[in-house]
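So the structure is just underneath, and the comments pick up after that.
Naming follows writing order (A, B, C and D), and every chain is counted from residue 1.
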Amino acid sequence: MIVGAGFIGSVHAAAVRGVGATVRGVVGSTPSRSAALAEEWNVPARYPDLAAVLADDAVDVVHICTPNALHADQAVAAMRAGKHVICEKPIATSIADAERLAAVSAETGRTLAVPYVYRYHPLVREIRARRMSGDFGAWQLLHGSYLQDWMLDTGTTNWRVDAARGGPSRAFADIGSHWCDLVEWVAGVRFHEVTARLGVTIPARPAGSGDTFSPNSGTSSEPNGPNGPESGTNGAAPDGLRPVSTEDVAAVLLRTADGVLGSLTVSQVSAGRKNRLWFELDGADGSAVFDQENPESVWLGDAEGARLLVRDPGRGSAEQRRLATLPPGHTQGYGDCFRAFVDDAYSAMAGHQVEGLPTAADGVRSAHLVDAVLRADDSLAWTVVERAPARM
Amino acid sequence: MIVGAGFIGSVHAAAVRGVGATVRGVVGSTPSRSAALAEEWNVPARYPDLAAVLADDAVDVVHICTPNALHADQAVAAMRAGKHVICEKPIATSIADAERLAAVSAETGRTLAVPYVYRYHPLVREIRARRMSGDFGAWQLLHGSYLQDWMLDTGTTNWRVDAARGGPSRAFADIGSHWCDLVEWVAGVRFHEVTARLGVTIPARPAGSGDTFSPNSGTSSEPNGPNGPESGTNGAAPDGLRPVSTEDVAAVLLRTADGVLGSLTVSQVSAGRKNRLWFELDGADGSAVFDQENPESVWLGDAEGARLLVRDPGRGSAEQRRLATLPPGHTQGYGDCFRAFVDDAYSAMAGHQVEGLPTAADGVRSAHLVDAVLRADDSLAWTVVERAPARM
Amino acid sequence: MIVGAGFIGSVHAAAVRGVGATVRGVVGSTPSRSAALAEEWNVPARYPDLAAVLADDAVDVVHICTPNALHADQAVAAMRAGKHVICEKPIATSIADAERLAAVSAETGRTLAVPYVYRYHPLVREIRARRMSGDFGAWQLLHGSYLQDWMLDTGTTNWRVDAARGGPSRAFADIGSHWCDLVEWVAGVRFHEVTARLGVTIPARPAGSGDTFSPNSGTSSEPNGPNGPESGTNGAAPDGLRPVSTEDVAAVLLRTADGVLGSLTVSQVSAGRKNRLWFELDGADGSAVFDQENPESVWLGDAEGARLLVRDPGRGSAEQRRLATLPPGHTQGYGDCFRAFVDDAYSAMAGHQVEGLPTAADGVRSAHLVDAVLRADDSLAWTVVERAPARM
Amino acid sequence: MIVGAGFIGSVHAAAVRGVGATVRGVVGSTPSRSAALAEEWNVPARYPDLAAVLADDAVDVVHICTPNALHADQAVAAMRAGKHVICEKPIATSIADAERLAAVSAETGRTLAVPYVYRYHPLVREIRARRMSGDFGAWQLLHGSYLQDWMLDTGTTNWRVDAARGGPSRAFADIGSHWCDLVEWVAGVRFHEVTARLGVTIPARPAGSGDTFSPNSGTSSEPNGPNGPESGTNGAAPDGLRPVSTEDVAAVLLRTADGVLGSLTVSQVSAGRKNRLWFELDGADGSAVFDQENPESVWLGDAEGARLLVRDPGRGSAEQRRLATLPPGHTQGYGDCFRAFVDDAYSAMAGHQVEGLPTAADGVRSAHLVDAVLRADDSLAWTVVERAPARM
């Protein structure tokens, strides 16, 4: 059951089908939009709105793909109705809401899975397994970037531009949060303090089709990434430009309690960069580089140069082998990644133990990081992320 | 309905599900293997053998993924039983059998689709569209390679090693044929003559689990590519080594009737190469390079250097946009490619017009190329491929 | 005339010969070292020490390649003796000393050239020329890194490790300063404020051959980069380990007065990274990426992906053409770069106008940046670089 | 002493200076051209013609950089006059002339060095050293290409286009010969037989400035590669187009006496390719890939993917260390390569033993390969290169 019908909604739908489950329906921002989507996706037009979904006992899982500000209330309602939830990130636009979600998940025993899907690239798991085996030694430096260009066109807008709907952080919360989740999980660290500077490089954008995405009016969503067929590009906004309050770029420094430094550059306005999540983990005994746009190999630096390791179902760590479903050279992509996440989420919902599924706790962690980055940009000071950070 | 259960069988099954169709069953090399596969793939154990499949009116399409020597008879039987067929390449191990398939397809009106799936990479279509628009000018040279390493281990064997089951050509027929199909289709050429030299670099391999794949005993298949979970690697063959008669490497020169030169290098024993289908098309007004292992961008050479063009659902030719289902930077892989092929094949079977679906005629063309390469290697002379080549 | 005989001294010597000038002599840390070097480099053993050099009217230019703390006094002495100077960076280990050098240069009319040689890669000049033509539009973000691994071995030491000889900053002053010089010059910006965090990841290193490089004892120098034949690697230090006070890694955020954000990551302990000076300049109308380890092409990002532009003496901007002395594909390297710098420096000394020669003012600017980074790391606050930054 | 003043003449001159030797003069195609060149290169205008050079006892070595058809007679004259010779490749345009050169070299005891300079990339030597240590095992396949685009412009011409001056083969003799020399030397093989097809893709070109380069009128030469400042591009030929008889592209298959297959694709009309000499050597125990345009690292394929090995003066084989004069990451280029060749050539002339210097015997070998390729293209048959090939 999918709620929200932007680009990411269709990715969820494909993944659900890919794991052999059934998409029972889709809910858009209005009953008529729901009906239209049902036809477009070739699913029954069963549900005019979320309430109808929650009343249907045949629904096991609700996928929430709406604008960020709607996530928390919808996910709470779904869990209280006995449904498991896959909720798009950020799961909430405040720490309080994120913690509420975690509490409801614990209380109801319903799983809340969060699609930090880049954890499901097989070679990401390989790097993590090698880190856990001590291959890299003590971390010297953790750095990287997440760069896109879909917001570079000054005529492009999106519900994310509006802090009331997307939350007070845009570039960092939307994509920087992916990087932090991934690097903390792979490297086995928690960043204790941050400093950051956010920048709005395009100070005004078209007003956008406001009603469509109003929090009051429904549940439709928009592309996670760029250029989806339902992109909010709006070259000729009838109602003119509105000031932008959420950042296009973010420059962030990070530091663990043990003194390991990190650096992250985030941008949605870097021409030619499409979805470049890239990290380098430099350890005393070797380095590892992963590039989400070329996920079929990793670069493992050493004194002689580097090793290029390819994804391979017949080699490497158990988790890499589990997720590598095609022979090397037969590329796995973003869809395979997403499908593996949904597969594991469903397994967890069925009571099985799975490795590395991002859940409510990870969503809470992310909310703290977003909040700390905003505070750091505001105070221009190094800022502690969480007084007592969760232990891994 | 899938017949044959190696690596490529599972790829077919995933694609069938991915397009929203139903896998009604699977047939292995024996009734007990069929039952085991049905359980493994989570499909009903309906069919002990192919005859049972063909007798079932609920089956619309039969996917044939068995060893090469079985393709022709099985596909003919399926078409005569009124089924459409997706038949793995090579569709036959002789020109005569390939032509028989084409004739039966024409006679019965059943579609025979052949998974030359690399045609379904969006950027492959972009290059083709630009060629059709005249962007590259007169061809100067067409060259490339298809390199793998899965047969480099001297302990690896496979039914393909046995000419009786795999056909008289191995490396060229299995992967070189993909390259020829792709380059002829993209560049809009027919190679009129070839010269070639084949090499068996590993003269003996383990005897393999012969009975399993005997033409007499059933329909199971083996990996199309390397290292599949059911790979025929056989480090400790109980019955010793057998001489290998099919080539590990092939070096081929090609030439169109208009004098355009081509060169193709094929290998299954190039260490570190996993599935590197790579081509460069050099025209008077520009060049194009495609690498199947990095299918998300193409290199378009010009006097200043090159343009790197990325896959993008919002830009480029109609066919590129149609097949680009994810935003740029969210990688599409081999599975997406295969699924798009199955989708188009099913559309064609439903009577719709589709662009660039490889069918029986392409399988016949390939049989001619395989035959010409074998003759050239035998005669050590330049060899005409087809007296009167089919027009494109 | 070369003073100082480490790796970089030999690079200077090669460049001097490459432009057709004569190396009249070399001075090492002691008279006997001077004599040994003269023999090794095949130059006359004319000068026991710097004083002897300065007394020789036949010497036009003195190249100062000694440990950093010696630069200022030696350069002042040389200029006061009427010599032009090429002084290794950093030209001084304090702002005051750097400004003294600039003042003496102005007062004496002697040129002080500083080898920020990466300005002399032809394609660096091409990017700059395009920026000056307005090709990139308003800057959105300026980011990158300078990564090496030669200090990752805990047994490696070097005079730079000792703040008394190398100055209070190591990684940033040595290589981060190159990045800042290059990016400010290419992008046409001045960073107004910075915040930074420095890290000593290897807290103790072998004591090193202290006497050799004592400021009291002479003028010898050590490798600019890693693994030179005279590297200070010292696996078995007789006198044990000493604590390290200068940084191995530096994470820096930068911001222009106009609000353009920058980010720079610097490391001498990133395994597999040899001399990776890399920057990305993201503008409203396009991006530019330069990688010093692959300087023969640049990546120019745009909405469709990117253009790869190659160095070419027959195309592009006047400065690119001037410095591109070999046809494309015949790689120019670091030595060519250095030689072009020396050629321009000598031209300037001969009274000719040259474009982009780094001089004392650039050395002063760098001293301010180093100082600001140290202050920022100390205060943990955003820190203004210069109250009244020089205009470009 | 340089004879011939095209692009490659200036490369020779820079290399001579780079090794600390003196360019005593330069001879162009006419006395007035000689004088002009002497001024341009800043050398004394001593020699009106070659005879004057040969009469000067102060000249030790003559560098012959004239059009190919002039090489043999000039080199013979120089050796008979007691000079050592560095003669551009091909050393002659016929086997007979090449053998004559080898005989005169033997008879006179004068060294004839041939700038197959790609042997002087440090990592090329590393691959060779590893092959000699048995790292790669039995060769499975040797393949690659040498691609340029400088002849793609139909308005470009050059003395090489004219078989009377450049010899009967152009693309293969000029650049394909480099590939063959390099691969035979690195891989330790001799190709016993070849088949080939040559193509003239641009059948007519401007007539060119015939007199300048007439064999009768002097000794000047033209670019080895593309776009040199004295390129023969001639967009508006006053005397119209002339038919082209030498090939733009060559497709070649090769085979050793032991049955190892090779494939080589050569082109001067591949848009975007500047000087792409690329080879892959596939062995039973690993593969090696070298790309002349990115000579600072090599790709060593194995089952897990590959190792990227960087040039490093502190690691690897003795020859790699000897030629690696800069730390890794400080790129060495074509000029460094050429200088190392000249350095070794001069050492050999001084009676020292050097490793891997290409001499007259290599020039003779190349003449046989060129001849065999021409014969194969003519006969359309597999063709033996040499009845009794020289042993390595």
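Everything below uses one rule, namely that contacts are C-beta pairs under 8 Å (C-beta built on N, C-alpha and C of every residue); 3 or more make two chains touch, one makes a residue touch a chain.
Fair warning: this is a prediction, and the values are worked out from it, not measured in the lab.
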| item | value |
| --- | --- |
| Chain pair with the higher count of C-beta pairs in contact (A-C, C-D) | A-C |
| Farthest-lying chain, centroid of Cα atoms versus that of chain C | B |
| Between chain A and chain D, centroid-to-centroid distance (C-alpha), Å | 54 |
| Chain A and chain C: spacing of chain centres that average the CA atoms, whole Å | 41 |
| Euclidean distance of C-alpha centroids - chain C vs chain D, Å | 36 |
| Multi-partner residues of chain B (each touching 2 or more other chains) | 273, 299, 303, 305-306, 310, 312, 328 |
| Residues of chain C defined as touching chain A within the complex | 138, 140-141, 143, 145, 147, 149, 152-153, 195-197, 199, 201, 248-249, 251, 253, 255, 259-263, 265, 267, 269-273, 280, 282-287, 299-303, 305-306, 380-382 |
| Complex interface listing, chain A residues touching chain B | 7, 11, 14, 17-18, 20, 42, 148, 150, 223, 225-229, 231, 273-276, 292-296, 310, 312-314, 326-336 |
| Sites on chain B touched by chain C in the complex | 297, 299, 303-310, 312, 315, 328 |
